[in-house]
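All chains are identified by letter, namely A, B, C, D and E, in their written order; residue positions are counted from 1 within each chain.
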Amino acid sequence: MDLGIFFGLIGTWLLIIATLLLGGSVGIYIDIPSVVLVFGASITVVFFAIPVGYVKKIVAITKKAFFHKAPSIEKLIDDMVSFAEIARRDGILSLENAVKDIDDPFVVQGIQMAVDGTDPELIEQIMLTDLDNLVERHEVGKFIFDTVGKYAPAMGMIGTLIGLVAMLSDLSDPASIGAGLAVALLTTLYGSLVANAIAGPIADRLSRRSAEEVLYKTVIVKGVMSIQSGDNPRVVEQKLRTFLPPSQRPKEEAA
Amino acid sequence: MDLGIFFGLIGTWLLIIATLLLGGSVGIYIDIPSVVLVFGASITVVFFAIPVGYVKKIVAITKKAFFHKAPSIEKLIDDMVSFAEIARRDGILSLENAVKDIDDPFVVQGIQMAVDGTDPELIEQIMLTDLDNLVERHEVGKFIFDTVGKYAPAMGMIGTLIGLVAMLSDLSDPASIGAGLAVALLTTLYGSLVANAIAGPIADRLSRRSAEEVLYKTVIVKGVMSIQSGDNPRVVEQKLRTFLPPSQRPKEEAA
Amino acid sequence: MDLGIFFGLIGTWLLIIATLLLGGSVGIYIDIPSVVLVFGASITVVFFAIPVGYVKKIVAITKKAFFHKAPSIEKLIDDMVSFAEIARRDGILSLENAVKDIDDPFVVQGIQMAVDGTDPELIEQIMLTDLDNLVERHEVGKFIFDTVGKYAPAMGMIGTLIGLVAMLSDLSDPASIGAGLAVALLTTLYGSLVANAIAGPIADRLSRRSAEEVLYKTVIVKGVMSIQSGDNPRVVEQKLRTFLPPSQRPKEEAA
Amino acid sequence: MDLGIFFGLIGTWLLIIATLLLGGSVGIYIDIPSVVLVFGASITVVFFAIPVGYVKKIVAITKKAFFHKAPSIEKLIDDMVSFAEIARRDGILSLENAVKDIDDPFVVQGIQMAVDGTDPELIEQIMLTDLDNLVERHEVGKFIFDTVGKYAPAMGMIGTLIGLVAMLSDLSDPASIGAGLAVALLTTLYGSLVANAIAGPIADRLSRRSAEEVLYKTVIVKGVMSIQSGDNPRVVEQKLRTFLPPSQRPKEEAA
Amino acid sequence: MDLGIFFGLIGTWLLIIATLLLGGSVGIYIDIPSVVLVFGASITVVFFAIPVGYVKKIVAITKKAFFHKAPSIEKLIDDMVSFAEIARRDGILSLENAVKDIDDPFVVQGIQMAVDGTDPELIEQIMLTDLDNLVERHEVGKFIFDTVGKYAPAMGMIGTLIGLVAMLSDLSDPASIGAGLAVALLTTLYGSLVANAIAGPIADRLSRRSAEEVLYKTVIVKGVMSIQSGDNPRVVEQKLRTFLPPSQRPKEEAA
């Protein structure tokens, strides 16, 4: 689990709340109708903008953003190289046992197809289609949070305009102008908080998580194709290590 | 039918109207000339910006956004696999009867071409051209609502500037300044409502609906091509299931 | 001719002018130096930003946006199918007479190359290059109006800043502050009108016109290639009909 | 040389300066510290944002934007066709003399490679790589001016905020508020002028110049490849004329 | 090392600080809670938005932006040509010694694979994968600074809104309004400084550094492939020189 997100989330909000407290009593920053408008409409507009089938997945997507642990590509490459060694030594059929300990269904499915003697082109086609659809599904997750991040400030501005019109329509009590303006600004503040301290960072994180997972699965596809074609384990390693940054490549590689 | 959109549309507007009511009498938020300018110009500018042939389709497009029910890809895959079984067992010609119960003209046309012995490359070319043109037509739908979403706030701002200039040109009655400013702001409010609580979410939904339909039709193309090439029903299933998210794939698949 | 654009253009401006009239006398909205700055600089900046060779084409491009009538793709497909029938029946050379009645030089050139026995790959290459360059030329048209739409509001803002600085530098006569502010805002209003009620919608329309013409010419390219390769007229029809929306395809097609 | 840019540049600034003069004395628009901040930081930030090796080229790039004369594509096509005729009549080796009068090194290099009997694929690869790198270099030029256009308004806003804070911190002399505000706004005005009346139009023009040069060089590549492959001069002409807009193609072409 | 960045960074900040000093005492621009909010939240939000594994690399990435010296492509081409000469004269195996003096592991790895008789397609695939992943890693670096540049102004605006609400809620002491407003604006100023005078230029520079390194490595890939295929050193030179701007190509080339 990536503790960074909790540090980031809690730290950001602690800083904001501390600023609120310094501004005076927290009470002046809380206006129930404004809260209901901005937070409520940020949710209802998502149902308006996105088919409900996708919205249902939001809990799973959010959990992934918070709790997903990026698996180690180095470990994956080691596994792939050891599969290549087994395939070379004992024949590709012996991989059937080797993948029993592997959790990742994508690796298992790929190796299983190779063991079954599936046509290499078909293996690649199936695995790449799977990868494309993964990207498509990831984009839906990001799209939901981007939608919230787009409409929350708009709803905040709408709330502020409504408040301003109400205030300007009745200027009979000058003493209340300041308070009216303060309340009107609250929806803009809420909208900005939803967009920049909740939805935006989650959407950004999902996009990076997606890039990470695509890289990981690309290594799997390249590895399976390389093993299937009977490549020497050293060639498999050489091909897959290019996916690591140079600093993580073992020194002996150049030897 | 996707009830989410009604929940989203009605919920969003209920929240906005409740906020208006809390602001005082609804009357202060209604200014007929402002309504006519913003809503009127949001419509006329669409005729200015988009050839009338496209604009005519707006009713059909809006209906689709509201009432379109995404068909089940799982059901489609089951159908394709059963077609593959029939083709294997009884020959591809026997599919002519099998597609009689199918509503989707895209499936019917694809299978029919396979039955007619049309050249596979030609089948694929015709189906992919169809798909490309579907995307193109979907983009037109989204483009119309994006255009509304772009010009409505601009017309709102133009209305506000006109109101401000009128108000500033005659400051002789200080008591009327607040009311003048309130009315001037109304067009900005209207423009923002048109963009963010009507046109924007519909455009977003159309773009997702399009992605959904493209995915659905891609499965059909892949399925028809796979059946046509005489693939084993299990291979057809394997190829098409990659389009489902892992959670919707049957457990026995890995068995 | 597409009357929609006149309805759109005139309707939009009638609404704006009606709003101006309601605001008081039209006179307060007219300030000659502001008009000269915004409209003048919107033109000069185009000469600054775009090589003069392109700018010269603006009259032709604008005429196209206003008066271009999208030709009927259904009619085109009928023509192509009848050419295919002639070619099948009387040989491809007999098409030389058939195209005599056709106005579109792109069709004539394509068929002529087929009649001349030009290498199919060369025909396709020439026609696709022509299409690519058409798109490039269309983009220039859109680019000119996008440039106006980008700089007009900027010039408006510059005018407003100049007016504000002048007004703020001399606050000795409080009575003139409102009028000064009103005049300062006029350039922003003008800039917004140029961008949103003139240049923007024309640019949008040009982009759709371009998409339309590309679709039309793509049908021609596909048709010529299909006829040249000696396709059965029914196959030509089947290939080209995929470019029509399903609702415009004849019912008998599935028969 | 394209005189349009001088008309555009001088015209835009004359309009702006005329507006300044109408606003009162020019003196109120000049504040040396504000000038130093906005113009200075617009330059220093370029060195911060862009490696110095690129920045050095800015003089050459600017000269190109101002003085570059787009060469005539029609003339180029005539040259290419005459080369094709020479190659047909006297053999490709005789082109060595023909290119002696040509100034464009890209044409000379291409024809020379054809004369040398270089492998056609290699000729194309070398010429296309050259073209790709030209585009890359053009993008650097545009990037520099885009960077100025992005940061100049930001520096203007920073200057305005600094001025506002200073003014608001000391409101003891109400008479100076207007003047303070006026000065604070000047940096925003300067930033907007740098972005919209200097850097933006130059960046736009560079992007069009680049498109022009790419088109020109693409015609050269196509021409050289066509000549090299021994195409008939009429075919060379037909291929290359597709790069001209229909209105510039000679009437006799269809004859 | 590129001294331009230090000139740019220091120059920009000197100009800003000079402007602050002219505005009065620097003290009025420093408000500790505002500093903590904007700078603190600009950091915590990065941990929220980006997986911690990437954030850790920020020191290395920043160092690269500041201290990376673009290697000379001309020198690289000379090296490649001399390798091609050695390979021609003494056989490709003799390159094993030649690369001993080369620091760049990418060159060494490429030549080593050629010496080892690795399949050319595999060499190209490995080198291009390496290049793709380099681009991906560079994009992460740019993404981090883009994230800071996106959220810093948002946090600044949130701080200003919080300050405004506090000030408007208590207007009892008119004398303190100016000071309250000044403090509220400080967070917007800080956010703008972080985005435009720190994060933005670094992100821009990283994107150019990346383009530079990709160009450099592309020359290596092309060079290794050319040497491996036994190209004449003159052909190697001709291919690689296309990556240089014409002005840097030696005159004798055309001879």
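In this section, a residue touches a chain if its C-beta (ideal position, glycine included) is under 8 Å from a C-beta of that chain, and two chains touch if they have at least 3 such contacts.
If you're wondering where the values come from, they're calculated on a predicted model, not measured in any experiment.
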Practice problem: Could you name all chains that are in contact with chain C and with chain E at the same time? | Solution: D
Quiz item: Just how much do you need to spin chain B so its Cα atoms sit on those of chain D, in degrees to the nearest 5?
Solution: 145
Quiz item: Where the centres are mean C-alpha positions, what is the separation of chain A from chain B, in Å?
Solution: 24
Exercise. Would you mind pulling out the distance in Å between where the CA atoms of chain A average out and where those of chain C do?
Key: 39
Exercise. Could you tell me which residues belong to chain A and also touch two or more other chains?
Key: none
Quiz item: What pattern do the touching chains form: line, ring, star, complete or other?
Solution: ring
Quiz item: Quick one: in the complex, what on chain D touches chain C?
Solution: 2-5, 7-9, 11-12, 15-16, 18-20, 22-24, 28-29, 70, 178-179, 181-182, 185-186, 188-189, 192-193, 195-197, 200-202, 204-205, 208-209, 211-212, 215, 222, 235, 238-239, 242-246, 254
Practice problem: Spell out the part of chain A that touches chain B in their complex, as residue ranges. | Solution: 33, 36-37, 40-41, 43-55, 105, 108-109, 112, 122, 125-127, 129-130, 133, 136-137, 140, 143, 147, 150-151, 154-155, 157-159, 161-166, 168-171
